[in-house]
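Worksheet: the structure to be examined is printed underneath.
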Amino acid sequence: MTRFQEAICEKLLLSAAWTSGSIVVFIFAFMLFLGLPLLSGGHFFSLLTAHWAPQQGSYGILPMMAGSLFLALLGLLFSFPLSLGCACFISVLGPAKLRFLLRKVVELMTGIPTVIYGFVGLFLLVPLVRDIFGRGGLSLLSASLMLALLIAPTMILFFCDSFDRVPRSYLDAVDAMGGSKVQKLLYVMLPNSVHGIAAGITIALGRAVGDTLLALMLAGNAIHIPHSCLDSARTLTSHIGLVFSADFESLEFKAIFACGITLYLFTAVLVLVVRGINHRLRRPL
Amino acid sequence: MNRFFEIFFVIWSWLSALCLVGAVAAILGFLCVKGFPALNVELIFGNTEPLSALLLQKQVFDGLFPAIVGTLCLVVLSVLLAVPLGVAAGIYMAEYAVGYVKTCCDFLFDILAGIPSIVIGLFGFTLAVFLHKNFSDQVYPCFLISSISLAFLVLPYIVRSTQISLEEIDPAIRNTALALGASRLQNIIHVLLPRALGGICSGVILAIGRCAEDTAVIMLTGAVAIAGIPRSILGQYEALPFYIFYISSQYADQAELMRGYGASLILIMLCTLLFLVAFLVRKRIAYQAFYKA
Amino acid sequence: MFELIKIKTENLSFSYNGNRILDNVSLEFREKTITAIVGPSGIGKSTFLLTLNRLWETVPQSSMSGRVKIRFDGKMQDIYGNGMSLTGLRRKVGMVFQAPNPLPMSIFKNIAFPLKLAGIKDRRTIDENVERALQQAGLWMEVKDRLNDSGLHLSGGQQQRLCIARALVLQPEVLLLDEPTSSLDDASAAVIEELLVNLKDNCTLIVVSHYFDQVKRIADTVFQFPYNGISQQ
């Protein structure tokens, strides 16, 4: 193979990398360009703070942002303790066979399609919630419970990973002192995995905010700022899915680009946060 | 006090494990109980003869056949689009990229992996509108647009799994062929890629699974409830996950709902199978690509 | 006895991760002899070998200064000079590693692999060279009936001789060996020692070793690391 061919191939590979990377920039630029009519004249911030009232010409996405955040945080609230417990079970606390089994179950969960969670949620969980609370079948509560299940495997596998990275010598030291399994976990592994746990939560938050189907199918989609778990709510993602059918030229439609841009920027911020955490992780103590 | 906390924590951990397994069992059990009765030849082919449907002689109207074919075609085209680009980019990232190019691309791929699929769907839709207005009246949200969007969605998985499985190769193996006079490219082609193949394959299988299950992208880019077998890449099409989504909100009678359960069962078996294969191929690489940001 | 200098290093220094591993090493290696480099582990012996075929360049966070010259085609050439092809250099300067590292392919393909890399496609040339290399490495009689078996199924000593054969198939002028017998039992090591002495007729050998008795048996020249400017014959 000649040097010339080598150089050509390297250039080809480089252009593949740049093409893939530029898609990311391209997506953002495209949305910005199409959402421009709304953003021009400094309306962007008013978009973020105003309410949604198309009849009065107000296309604020505040209720959707509140819905997204409420839903994601509620999901995280349910999911985090569950995931931490499961991760500890898999890494240390469970009996060997059950640990292996639980891990397989978690890995299997990563393969279950989101639409299935939504479908089962709709026909199993929603009636249940309605029976128990008397109202609020299609509500933040139903959606966040399913969401908790959806993001649990992400967190569990991530936590297990960061437990595994705790240096062997620390664990041996505790074992040599006669520490029990749970002591080893609580006093050595958890404190040494704080960064990993933080990164896992951030990534799970990203998935929770980015999820469309559960919100769309289970949260009820009413446009208002939710006040309780049993309220119906609409998220940024489901708003995009719902307004989609409207007339493409209308301002109502253009507003979904504001949703898209907000989601995009939120993702970018989360990526930066995770990178910051990982950077600290790598820094020698 | 500490003793109490320790015991509490162990109990908590057991409860979480039970709770998670219980939830998964409930979901799968519910689907199986409801879905198995619906699972038969008629579910897939409706009233049409299976053989003539498979040979595309007759249209299937009230069966899942068009949706299954649609999903399969979608997966094939998306993966065909994403794999060459993704693998090439992954090779570049692992073997050539240094300095700011690497940092920059790393960051961009992290974002791409994190962008919600509905945003990518929105992008696909606006791309179609843009093409429609500026280039050709023939372009609507369609099969091709869906495939391109899905390819974008799974691109970071392929890039990452390629990159990680190349970077994981033992430095001793990396040097073997170089010491024998191999050029950088020869080393990649003859030694490193064959070694990394397992990891790359599992990344591709994960990408297939992701294409098969995604609903948010396709619902904005051309999937519809009734379209028959996809006949042209510029036409609309049916897909299994979209069908399930559609049924869940629009079912008219019990029979349709039963078909929804059947479709769910088929989809979950398909996706579980893909994931099992992926984890068999190479467990470790698979989830690093998926969960490492 | 007059012998040509084959390799010459001038003020060679090497750092890894900010730690200086080699400091101003200036050495000469005579053509068609065996030179041994001995010394405690972690002192830069292996790194020194890597500077002679530029293989250290794949190691991140490492840097080198100084010159390395090797006599090719009758004149001393700077191997870090502009005109030097990296792959060409590595074809003329073969290397055998501490642990045998056959690639996951058949015995025949392992040996033929460098020929393939060099773009040689003629079947007869390949067959001849593979047989010659295997004979030079003393492996021919043992494997000639199972050339299509995987190279990974050979014993440790056979694997190491396979790697030597692979390094020899391009008829290199210099052969670098990084503790080639340290992972082998005594009997296999003895076979390889004998083999190295026979190879002296064709190329210049540099062996890193920490077995002093081995060095005494086979080496013409011995350099002691950490290098302090003194060598023993």
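Some observations on this one:
Here the chain labels run A, B and C in written order, and each chain numbers its own residues starting at 1.
One rule holds for everything that comes next: a contact is a pair of C-beta atoms (placed from the backbone, for glycine too) under 8 Å apart; a residue touches a chain by one contact, two chains touch by 3 or more.
Owing to the predicted nature of the structure, the values given are computational and were not obtained by experimental measurement.
Each chain's centre was taken as the mean of its CA atoms, and the one lying most distant from subunit A is C. The two chains most heavily joined by C-beta contacts are A-B.
Chain geometry summary: the mean Cα position of subunit A and that of subunit B are 17 Å apart. Inter-chain centre distance (subunit A to subunit C, centres taken as mean C-alpha positions): 53 Å. Distance between subunit B and subunit C, defined via averaged C-alpha coordinates, is recorded as 48 Å.
Residue positions of subunit A touching 2 or more other chains, listed in rising order: 1.
Among the residues of subunit C, none is in touch with two or more other chains. Looking at subunit B, one finds that residues 183, 186 touch two or more other chains.
Across the complex, subunit B is touched by residues 1, 5-6, 9-10, 12-14, 16-25, 27, 30-31, 34, 81-86, 88-89, 93-94, 98, 102, 105-120, 122-124, 149, 152, 154, 157-158, 161, 180, 182-183, 185-186, 199, 202-203, 206, 209-213, 217, 237, 240-241, 244, 248, 256-257, 260, 263-264, 267-268, 270-271, 274-275, 278 of subunit A.
On the subunit B side of its complex with subunit C, the touching residues are 171-183, 186, 190-191, 194. Contacts from subunit B toward subunit A in the complex involve residues 5-6, 9-10, 12-17, 19-21, 23-24, 26-27, 30-31, 34, 84-86, 88-89, 91-93, 95-97, 101, 104-105, 107-112, 114-123, 125-127, 129-130, 152, 155, 159, 183-186, 209, 212-216, 219-220, 241, 244-245, 248-249, 260, 264, 267-268, 271-272, 274-276, 279, 283, 287, 290-291, 293.
Subunit C meets subunit B in the complex at residues 53, 55, 58-59, 86-88, 90-91, 94-95, 97, 99, 101, 103-104, 113-114, 116-118, 166-167, 170.
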